[in-house]
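One chain, chain A, appears in both complexes that follow, with chain B as partner in the first and chain C in the second.
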Partner chain A sequence: MRHGKYPFIIGFLVVPLALYLTFVVGAYLQMFQLSLTDWSGYGAFRYVGLDNFAKLWDDSVFWIALRHNLYILIGMPIVTIGFSLFLAFLLNVGGRSGGGGPRGVRGSKVYRIVYFFPQLLALPIVAVIFGRVFGSDRSGMINGLLPDSWSPRLFLADERWALVCIAVVLIWQQVGFYVVLFSAGMGSIGQEIYEAAALDGATKITLFFRITLPLLWDTLQVAWVYLGIAAFDLFALVNIISVNKGGPNNATQVLSYQIFLNAFQNSQAGYASAIGVVLFFLTLTFAALTLRVTRRDAAQA
Partner chain B sequence: MSEITTSELDRRTLLRRAAAVGLVATPGVSFLSACAGSSGDGGDTKQATGTKSADNPLGIDPKAGVEIVIFDGGLGTKYATDVDTPLFNRKWPDAKITYSATQQVATTIKPRLNAGNAPDMINNSGTDLMDFGAIVKAGQAADLSDLFAAPSLDIPGKTVAETLVPGAVQQGTYDGKPYAVNYSFTVFGLWYNRKLFEKNGWTVPTTWADFTALLDKIKAAGITPFGYAGANAPYYMVRAIMTSAAKIGTEQVLKDIDNLKPGAWTNDAVFKAAQAWGEIGTKYIDKSYLGLKHTEVQLQQNQDKLAFYPCGSWLENEQAASTPPTFEYAMMAYPGVTASDQLPATAINAAAGEIYFAAAKSKNPQGGKEYLRTMLSKEAAVEFTKLTKSLTVVAGAADGLTISPGLTSANEALSKAGKDVFMGYLFDTWYKKLDDASREAANQLMFKGGDAKKFCDTMEAASRAVAKDSSITKFDRS
Partner chain C sequence: MTNLVTDPPAVAARPAPAAEKHRQVSPLGGVAHLALFLWALATAGPLIWVLLASFKNNTEIFLGKPFALPESFSLQTYADAWSEAHIGQYFLNSVFVVLVSTAGTMLFGSMAAYVLARYRFPGNRAIYYLFVSGLAFPTFMALAPLFGILQSLQLLNTFTGLILVYIAYSLSFTVFFLTAFFRTLPAEIDEAAMMDGAGHLRRFFQVMLPMAKSGLVSITIFNIVGQWNQYLLPVVIMQGSGADSKWVLTQGIANISTQAGYHAEWSTLFAALTLAILPMIVVYAIFQRQIQAGLTAGAVK
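Showing the complex of A and B:
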C-alpha cells in the first residue's frame, strides 16, 4: 500500500537534512565537546572534565536564570493557549448560530488577520517597540497615558515586574499565531457535529468543552511543545529590553542570555557550552514529558 | 501529492515528531557554534618580513599588503580612509592597504582569529568588541614592544613611546608587555550646560558640601540635579565612584582593586566614596532613570531637565546632533569628598581608550604595526582630533587647535589637574564578570537606598569569586 511514498518524501528531505546535520547537529556535537573544555573563545583550549558543570552547580545566577525560565515555562503557555483558544473559538463558533451551523462573531475574518499581525514582525522589532511602551519615564507609552498625578511606573526597571513585562511581550507576539493554528484546527471539525449538539440544546460553553477541546487535542499538544521551547529561549527580548544586562538585579536573567554573556562577554565559551548542554537536555526532557503526559487516545473526527 | 496530505504523516504529526526528536532547535544554543571555528593555533601562516633599517625600523616588507579593520562607530571612519591610509601610502607606495569597516567587530573578526587568518591591524571597539584580555591570553595580539621603541614617524629624536601621554603605554600593557595602542584620550568628569549655569549664577563646586548645596539649589529650580542611565550606562557611575575613591585614598586604592587584593573593595576609601554617592542617589536622582538608556538621559540633559551627568569627553561629539544652541558642554572635576582627601579636588581621571592592535597570527603583523606607527604620528593625530573632536594619546597634538567648547573645558581641567592626572582602573576590561557586578552594584547603590556597606560587600564577594576562579586569566599592575 502507498507504494513509493517514502522515496518521494526522502527525495525532498535529503538536502535540508544534510544542511541540518552539518549546521545544527554538528554544532550541537561541538557544544558537547566544548562543554568539557576551558575554551575562552579565542585560540587553544584544554579539557577540564566536568569542572564547568561543577561550577554551574555553585553559580547562583545560573539558578536564578533557571528559575525564571521555569516561571515562564509554566505561566506563559497557559495564558497564551487559553487566550488564543478563547479568541479562536469566538472567531469560529462564538457567533450567533444561523441556519447554516456555527459561525464566528461579526467581522471574524478581519480579526483573524489583525491578530496575526504581531507574528509578522521580527522579534527584535517587537522588543524595541515594547521597550518604548514600557519606558520608565513619561516618554514611555504607558506612563505617558497615566494621569499626571501618578508617578511613573518603572516596569522593566522594577525587579518585581520586569520578568512579567517580558512575558507579556512574548504573549502578545505569540497569540496571533495560535489563533490561526487553532482556527485551522476548529475549521476541520465537522459542522454537523456542532449542528447536532446545537439541536440538542448545548450551550456555547458545552460546545467548547465537549466538542472543540477534545477534537483539538493534537493541535494543543503541538502548541504546548512549541510554547515550551519559546519559553526556554527569550534571548532576543532579554537582550534588547532588559535593564542592565538581564537586570535589574538579575530579575530578567534567563539561561539563553547567560550563555550569551558567558560566551561573548566573559570569554568563557566552555562554561557557556555547559549551560547550553543543560538547556539542551531541559528542552528535550520538556518536549518528551509534554508528549507523554498529554498523550491520550486520539478522538477521531 | 494528495497521498501525502491524507496519509498519517500529516503536518501536525510531522511537527510533533520533529519537536520530539529535537529537530526544532533548542533555543540559544545554536549561536555558540558561531564562534566555534578551528581551535588550532593556525601558526603556520607565512608572515611578511623585510630588512630592518633606520628608515624601516619595524622591518616591514614594503611590497606586502596590509589589511586593516576599523570599527564604524562614534568616531567614524574618515580618519582611517582620508588620513591614515594616504599617510601610510606616502611612505610605502607599494603596500596595498585593504580596508574594511564593521560595527560587528567580534562577529567578523573572532572566527578569523580562530582560523589563523586575522587582519593585520584591528580596531577593537563598540558594543560587539572582543574581550582583549582573552585575546592576549590566547596569543592572538602581537607584542608591540618594537613599535613603541621605534622612532616616531614625524616627531624627531623621540621614540613612539616618548611621544605619548603618561600612562598610555601602561594602559595597553598586560603582564609587562604592551599589546594594544589605546589611541583616543578620554577625560572623565561631571558634564553640565555652561549656559544654564551662567544664567542661574551657579558656580562649579570643589568640596562635597558645596556640591550638595548646589544640588539643593538645582532641585529647587525644578531640575533633576544628578543622574545617569541605569539601563545601559551604569559604568559611567562606577567611574564616578571609583574616581572619588581614588581622591580619598590615591590611585593605590584602584590598583588594589585591579590586582584583586583581598579587602580592596571594603577599603575605607571605597566605602566613603560609596556612602557619599549613595546619598546623592537617595536625594537627587530621578528614579525613572534606572529604566532609561544613555541617549535618553543625555537628551534630557540637552533639554535642561537634568543638570549633572557623569561621563567621558566623547559625550559632546556623541550628542552633537541633539545639542541645541542654548546648550554648551562644560566639564568639571569630581568634587573632593572628605576634608582629608589625599588627592586635590582638581585631580582628574583621564585614560587612553579605543583599542587598536596588530594581530599576531596575520599575514603581515609588522605591516599592521607600521600602520599603528603612522596613526601615532603627529600629523595623523592632529587630523584625528579635528575629525572626531577627540584627543589622542599623542601628547600635545591638539595644542593650538581650535577645538569645541566641551573639549576645551576638558583640556583646561587637565591642565588644572597638573600632575594629578591618574589613569584609573583596568578591572573592567580585565575581568568582565567583575565589570558586570560593578554595574549592578552601582545601580543598587544609586537607585535602591544608597547602602554603601552592601556595595562594598557585594563587590568584595565578586572580586573573591573572580580571584578563586582558575579559568579566568589574572593580570597584575603596579
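Showing the complex of A and C:
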C-alpha cells in the first residue's frame, strides 16, 4: 500500500500548515517588515528605515518595561520553584516516619487538589479578583482584614509595591501546578532510596538536598522554562489591575503592555513592531534554552 | 511566604527518623501541617471571599469584614450579572469558540503530528521545527501584524477569525506533544492493518487515533483550559463597532471590573466572578485526576 503516500501527506499537512503560516509565521515575518515603517495600524504606510529603533533607544519607558520584565523573569521563578519545592517536599516526605522511610502527610491529596485549582482559572479572572483583594480601601480583602485602627494600605497604587503585587498574583496562581509537578517527580523516586537513607540516620534536610533535589533536576529545568514563558505573559495582569495603564508612574510597565499600548492606543503599530523585533532577539537566548529542553523531551518520549 | 523563612530551623532541629520510629506525630509533621494548611488558606481565601461578597450589598462590602456572612442570600446579584452585565452571553460565546477551536486544534494538530511522526518525506524535519519554534516566542510579540493580517482578511471582530487564530497558535504545542506521542506507538499494529489492505486514512482514524487516546485526552484538556483562559487574542481581535456582543468571558469580566470602578456595582462584579469560577470548580471536582495529569503531562516526560 505504498501508493497514495504523497497525496495523503500533503492532504494532512495543507490545512494546519496554511493556518500556522498565515497567522503565526506570517505575523512574525511581517513584524520585521513593519518595524521599518510608520504604519499606524490602518491603511498605508511608508518606510522610515531604522527610525523606530532609534526612537526605541531613547524611549525611557521601554527601558523601564524591559527592566521590570527582567526582574519578574528572574524573581518570580525563583520564589515559585523554591516555595513549590518546599510544599511538595512537605506533602511527600513530611509525614511521620513510622516503619522505615518518610511518608506523605495525611490529607496530602486534598492539599494537592486545593493548591492546583487556581491554575484552572483564567489569568484575567485571577487579575480581577486580586484587583479587589488589593483594593485600597476597606472593601479590599487585605485592607478589610487589617485592624480598624490601621489606615488602609495602597497596594497597587503604591509605586514601591505595585510590581510586587503583580508578581504575588502570578505566584499565587502558579504554585499549585508546580507542587503537583514536583510531587509527581518525587513520587517516581523509589521509596527504598528514602528508606535506606532514613535507616542510615539521614535528616529530612539531608534527604532533601542529597536525594530529592538531584533526582528532580530535570523537572526543575522544565519548570524554569515554563515559568520563564509565564513571566513574559503579564499583559492580562497589567491591563486589568495596574492603575493608570502600567502605573503608577510606570511602576508596572512591561513589554507586552508597551506593545499593546503602542499598537492599539497610540496608533503606532510600526513602533510596536520594532519593540517586537527587539524582543524577538532577546528571547532567542531564552528560546535556545527552551528548544534544548524540548528536544531532550522529544528524544525521551 | 513567611513559611519559607521560618520553617527550616524547625526541620533541622528534628531528631533522626530512625530514633523515633513508633512515634505517631513528629514535630516536623506539625510544622508541615501548619505550613500546608496556611497555603491552602491563602489559596482558597480569595475565592471564598469572592463568593461571600457576591451576596453582599455595597455597604456590607465596604464594612471591612471580608469573611463575615452576608445579611441575606439573595440571587438578585447573580440575575443582574447574568443578564444585565451580559455574563450569560459572554459565557456562551466562550463555550462556542472553545468548542469549535479545540475540536479544530485537535483535528489539524493530530493530522500534522501523525504525518510528521510516521512518514518519511523531504522537508519533514523542517516543518516539524517550524511548528515547534512557535513555542519559543510569546504571542504578544507580533500583535500589530496579526491585527493587520486579520484586517486584510476581513476577519476582525468575527468568531471565525478568533477561532482560526486560536487553532493556529495552539498548533505548536499540540504538534510538538502529539508527534512525540505518535512516535512511541508500536509499528506492528499499524503494519498489520496495512497488510489487511487498510489505506492511509483508515489507518489514521481507525488504528492510530484510538491507540493515541491517552495522549489526545491530555492535550485536549490542555487546549481547552488554554483557550478558555485566553484574553490577549480576543482583546486584539474582538474590537470595533458591536464587538461587545461577541466578547468572551475573560473580556467581559475584565470590562465589568473597570466599569465597576466608576459605577461601584461591586456585588455584580463578585457575582460575575463567581459565575466564571463555579463551572471550573464543578468540572475540576469531576475530572480532577485527568486535569492534573493532562496539564502536567506536557512538562513531565
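As a convention for this text, the second predicted complex is superposed on the first by the 262 of 301 C-alpha atoms of A that agree within 3 Å, B and C clash if a C-alpha of one lies under 4 Å from a C-alpha of the other, contacts with A are read in each partner's own complex, and residues count from 1 in each chain.
In the analysis below, contacts are C-beta pairs under 8 Å (C-beta built on N, C-alpha and C of every residue); 3 or more make two chains touch, one makes a residue touch a chain.
Computed from a predicted model, the values in this text were never measured in an experiment.
Novice: After the alignment on chain A, I want to confirm one thing: do chain B and chain C clash, or do they fit together?
Specialist: By the criteria stated at the top, chain C and chain B clash after superposition.
Novice: I'd like to know which partner A:121 touches here: chain B for first, chain C for second, both or neither.
Specialist: It touches chain C, and chain B stays clear.
Novice: After superposition on the shared chain, which partner residues are touched by A:31: those of chain B (first), chain C (second), both, or neither?
Specialist: After superposing on A, A:31 lies in contact with both chain B and chain C.
Novice: In the superposed arrangement, does A:245 touch chain B (first), chain C (second), both or neither?
Specialist: Only chain B is touched by A:245; chain C is not.
Novice: Could you look at A:222 and tell me whether it touches chain B, chain C, both or neither (first, second, both, neither)?
Specialist: both
Novice: Is A:177 touching anything from chain B or chain C once the two structures are fitted on A? First, second, both or neither.
Specialist: A:177 contacts chain C only, not chain B.
Novice: For A:280, is the partner it touches chain B (first), chain C (second), both, or none of the two (neither)?
Specialist: A:280 sits against chain B and chain C alike.
Novice: Which chain makes contact with more of the residues of chain A, chain B or else chain C?
Specialist: Tallying touched residues of chain A, the top partner is C.
Novice: Does the superposition put A:269 against chain B (first), chain C (second), both, or neither?
Specialist: Touch partners of A:269: chain B and chain C.
Novice: Would you tell me the residues on chain A in contact with chain B in one complex that are also in contact with chain C in the other?
Specialist: Overlap of chain B and chain C footprints on chain A: residues 5, 8-9, 20, 23-24, 26-28, 30-31, 34, 39, 41-42, 137, 139, 143, 219, 222, 226, 229, 232-233, 235, 256, 259-260, 263-264, 269-270, 272-273, 276, 279-280, 283-284, 287, 291.
Novice: Can you list the residues on chain A that touch chain B in the complex?
Specialist: Those residues of chain A that touch chain B are 2, 5, 8-9, 20, 23-24, 26-28, 30-31, 34, 38-45, 48, 51, 55, 134-137, 139-140, 143, 152, 154-157, 218-219, 221-222, 225-226, 229-230, 232-235, 243-245, 247-250, 255-257, 259-261, 263-273, 276, 279-280, 283-284, 287-288, 291.
Novice: For chain C, which residues are in contact with chain A within the complex?
Specialist: Interface residues on the chain C side: 1, 3-4, 7-8, 11-12, 14, 16-26, 28-29, 32-33, 35-36, 39-40, 42-47, 49-50, 53, 61-66, 108-109, 111-112, 114-115, 119, 121, 127, 130-149, 151, 164-165, 167-169, 171-172, 175-176, 179-181, 183-184, 194, 197-201, 204, 225, 228-232, 235-236, 239, 249-251, 253-254, 257-258, 266, 269-270, 273, 276-277, 280-281, 283-284, 288, 291-292, 295-296, 299-301.
Novice: Help me check something: in the complex, which residues belonging to chain A touch chain C?
Specialist: Going by the criterion above, the answer is residues 1, 4-6, 8-9, 12-13, 15-17, 19-20, 22-28, 30-31, 34, 39, 41-42, 79, 82-83, 86-87, 90-91, 94-100, 102, 105, 107-108, 111-125, 127-133, 137-139, 141, 143-145, 148, 172, 175-177, 180-181, 184-185, 198-199, 201-205, 219, 222-223, 226, 229, 232-233, 235-236, 239-240, 256, 259-260, 262-264, 269-270, 272-273, 276, 279-280, 283-284, 286-287, 290-291, 294, 297-298, 300-301.
Novice: For the complex, which residues does chain B have touching chain A?
Specialist: By the definition above, chain B touches chain A via 3-4, 7, 9, 12-13, 15-16, 19-20, 22-33, 35-36, 39-41, 106, 110, 113-114, 130-131, 133-135, 137-140, 230-232, 234, 286-292, 296, 432-433, 436, 439-440, 443-444, 447, 469, 471-473.
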